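Note that chain A is present in both complexes that follow, paired respectively with chain B and with chain C.
This part shows the complex of A and B:
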């Protein structure tokens, strides 16, 4: 009797568990469908692969304190330039520091600087570009000439100028990369805002006496959001590379704190006898930058309706539910 | 005293006659010495004038081959308009030796850098009180535009160095080495070929100071004076076409790429066989700021020699690659180099003002570890003066070897001292860190963690370094200036801040003054040894103003067919003229 009850209860639990799993699966499926992941998986499987890698990197970054086997700053001269093995997964560097731990902690520097600078640059660039487009006239002319000037400098050169001026620090590098991004986002947001500001709903808002700032923030920016987010996500890869380049030339994260660019710089003197000191941060840098670039592409596909009409088919999956995604 | 002076006078006359004989000027001060060459016997002079690979440069049976272009790497573009008054950067002085010569009136002898040899001057004589030095110049020296070199050129150069210029609102600052020359009261020309330099205070080591290879005459009066008179006070050697007095004349310079010099046919130096120097047709200095790029260029046969300069000197790991690719076709020259130090600014408030704290730090640091970690495997621990220095090996037996107890014992003692000073929980301390020396800074930071000290690295570029190191803004600094290889030459870096702003450690300890006064007044070498030993103990142990950690051995690669190289025992700025080099291929 008791056994029967246990079996029934367990079956009930199993059933509940199963139904919960199904519900979760359906939810994820719906979210995936909404984000266009199914289509992405079908058309761009690499995006899913590198997305998963990116999630892993972000996870390692967040939980670096628990994942890293060693303190990335502690030197052990007797263990310098040890090859990868059981003791040091990625080998050790010139000071006997664990390369694996430094790669993981280095991701903190790289991702923190890249993501923070992109957020700052995107917000400021969007506001400047949208405001410039909305106001038009001399405001637009002046701001666009300023942006033209900034666009004349390659991102890295502009960042170097700013870091040299501000002094080498994490904050300075973040600001430098953000400033390099601002003109690009401003130009993009202005282009979108110029067309949106002529839309009926904007004219309607203006006709009922809405304030310009209210129109900009409530009506225009939300409609330029998609392409800008897609661009910004892609730019994270550029920001990572710029941060690494700055660290490589000694203008980024100051030693002994690890950063991928700094590790590449330190390791290149030992390339022949200890290639692992350079190879692993190099791989981490490449994979992360590539992942963000693909993420940017994927987001652009999701946010850009024109991409859904490829191959001459209005509903690429042959499913009308695609219409809802639009 | 009179006897000593007479001996010096006789020596001067003899040298005036044999004007090419190396002069152990640094030994003149020993007034008890009757034999003017007595001191020469005390130092370890190489038996012959040998090149870096053991070839005897004075051996007439060796037939040096003339011609060919030597291709060397240079660490970077020579800064400051090639002005030797403005910078001691090795990126300039590696090139400047060929253009402007290895010295000025005097030079460090090629066969023994611890002696002073004639260069543009044939001879020199002090007055009995060592306040006047009279130099007799050679009459066969020409600038590269074939203008005769005269005593007026020397007067122009010295005045420009020690006083600078001021015309209206415009100012030309004196040379950075102004302080090293001491207080020069006046420079007089005694026609036709003599210059008399009058000092405010006696200086028996004036020729030793002049022999510093950084003090190159790169300022032709006949070209610069008109420009200065026209108001161009900041005129640099580059502005007047790099007209020098060295064995090679300027040919071509493409910034960031290459600097080329050609043999100067009117150069005055000759080898032992009477053949005119230099042997080479010219030198190409390929500007390579990246040491890895230099390695690749060298190993693929595009360079005959490496660059001088920290970062470009080879490490053990890099030597492996050279030897693997080139086997016996590469030769590694070794030069004793700069010391890694930790110097305290005790004029700034902080725990480091407590001598126990400084001493604890000195005891705590594992100096042996610095050699592989920072110096690429080539170095020595705790010297103050290079191991090759004859003053150390022979009579200045001053290899300090302080703190010889095992590391564990030293560290126990260090912890006790920190606890006694009330800092058992440690503290935070700033450190000036030159951007190009971050490895040493990282090493120090890690070392001090165990003592609870959080060393905050302030990583600075060369401009900020030049400002900050003479200020009182910092807590600690590495100390990076090279000094003369004699005890008296170290006051600029160990003296009181008010007298020596460039000193490694900033202090106002008058006891240090007293030691230097004693050194200046010492009349025997034994006395100098004794005082120097006491001073070192005072500086490094009793007060621990400075902690010498390790000294580098600079390793420079040359192809084995590069012959006649004169590699100095220490100081990579020495012998950069390459006048005796020839290519055996």
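This part shows the complex of A and C:
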């Protein structure tokens, strides 16, 4: 009797897990279909290539402790400015630190700051933009004028002012870049929310007495989030460049912690005798920023085909029809 | 109150030095840092209006009006050269790329514009400086000369930053020009122009380009923020005594009054160019003046 029950329960378990697997497979398949990976590979092989490079970079960043041969902070004056070779893959810098290890650890601060600031900026910008679109009236006016003011600042100037006010630390740089992104995301999400707001399902939700907050978070934001996430991937590339620009000026990640911009600044003085100190972090920076820009571009093509004429996408989509091009 | 205190910076001269609390307090009093923030802000606002541009530098006591008078022309020239160069070069390149679509001219243009968009400008600046030194054994002069003193030296020092800024700026314009010309080329008025037997050149320049001008001018304004951000870094690298380099220097020593005034001026440049662009819309597309809302077309999505 007990045995029979156990068997039944087990069977049920197995059945459950089986159907769960199928559901998982289905949803994975659906994501794959939505992203159109195969079509992407055919029309834009570069996206796949740089996607693979991006995955490698993220992998190296996560496992930096195991990959890098030296400690990026330990100085060894006896082996300063050595050229790339057996001992130091990318050479060594003025303090005898291994450039390869520093490039790998530098990706940590760059990616951490860029991704965190984009997440913060996107979430806050989406909430501000959607809320002001939904409420309309004076709330909209006030927040839009505030955003106008922020947009009047060139991004780097705004970031510098914020870093000066907050002091240069990793957190300060993250907040500065996030604030510089908020107005752009807010504009975008407001524009999307304005059209979603008039849809029938929002009116239906309002007519059954749903709270404004629940309408915004449950009905509007899920519909606008796809395009915004697509833009966010592109903003990561912008954030990486702004972060390294700040570090390059000397207002970013404080030394001795490695960051690509800071390494470019340090290596600049020895550029003629030891070009490898600047060249390798520069390559890492360019390739990473470029990959994220390309990823954002591909995502934008998929989620937000209306907008592909603006904001300079990197590659034409490779579609044969003229109208769809770029 | 804020991190990176200016008082300790002045007293220590950049190094480490310990001063008594009375000395620090006296200096704070002298610089007016002990007043309420609202009072300080009011003083700054008033000085912006009465022509002092924010009073004096906290670090060396120079009047900011003098700093601005020295730095503003440099940045203005730099931005003007860069915008002019990018407009002159990029619109024809964009038309060419659209005209010879998917032929070698198009691919060549794409090969030029992609690095312009993708490479961070300080990195390409370093590469170019390095290349110049290694290949030609030449590096640009270090001391800035204004065009009225010695025009040749002026261009020697300002040429590279202008080129880099224009490269980045024009890459976007080229791509937008190409995309829009390819879009309008399918419109009926192009078809009718072709049916009238007009030449390809005439159609492209008079009919297609004219109608693609509005988005081109729009992207010019949208990218201006990046152009000005670029001046901050390139002026620092090439040692140009402009607003951008000055702002970076002031930020490094926490010279708040100078930062405020220079940032305000950069915003002022950005807003005035955008105002000019708004006025240009009416010239290049008279329909905009007739529309009920005088809003900028194509910016909202």
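We adopt the following convention: the second predicted complex is superposed on the first by the 271 of 326 C-alpha atoms of A that agree within 3 Å, B and C clash if a C-alpha of one lies under 4 Å from a C-alpha of the other, contacts with A are read in each partner's own complex, and residues count from 1 in each chain.
Keep this in mind: a residue touches a chain if its C-beta (ideal position, glycine included) is under 8 Å from a C-beta of that chain, and two chains touch if they have at least 3 such contacts.
Everything numeric here is computed off the predicted structure, so don't read it as measured data.
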After superposition on the shared chain, which partner residues are touched by A:285: those of chain B (first), chain C (second), both, or neither? second
If you tally the residues of chain A touched by each partner, is the higher count for chain B or for chain C? C
Tell me the contact category for A:75 with respect to chain B and chain C: first, second, both or neither. first
Is A:226 contacted by the first partner chain B, the second partner chain C, both or neither? neither
Given the touch rule stated above, what does A:250 touch, chain B (first), chain C (second), both, or neither? both
For A:165, select first, second, both or neither according to whether it touches chain B, chain C, the two together, or no partner. second
Regarding the shared-chain residue A:146, is it in contact with chain B (first), chain C (second), both, or neither? neither
Have a look at where A:94 lands relative to chain B and chain C in the superposition and call it first, second, both or neither. first
If we overlay the two complexes on their shared chain A, which of chain B and chain C does A:274 touch? Say first, second, both or neither. first
On chain A, the footprints of chain B and chain C overlap at residues 168, 250, 268, 271-272
Chain B-touching residues of chain A, taken from the complex the two chains share: 73-75, 77, 80-81, 94-95, 168, 250, 254-256, 268-274
Touching chain A in the complex, chain B uses residues 291-292, 315, 317-318, 320-321, 366, 369, 372-373, 435, 438-439, 441-443, 445-446, 449, 457, 459
Sites on chain C touched by chain A in the complex: 2-4, 101, 114, 117-120, 122-123, 126-127, 129-130, 133-134, 171-172, 175-176, 178-180, 182-183, 185-186, 215, 219, 222-226, 228-229, 232-233, 236, 247-248, 251-252, 254, 256, 259, 263, 266-267, 270-271, 298, 300-301
Partner chain C, residues of chain A touching it in the complex: 151-157, 160-161, 163-168, 187-188, 191-192, 241, 244-245, 248-251, 261, 264, 268, 271-272, 275, 278-279, 282, 285-286, 289-290, 293, 304, 306-307, 309-316, 322-323, 325-326
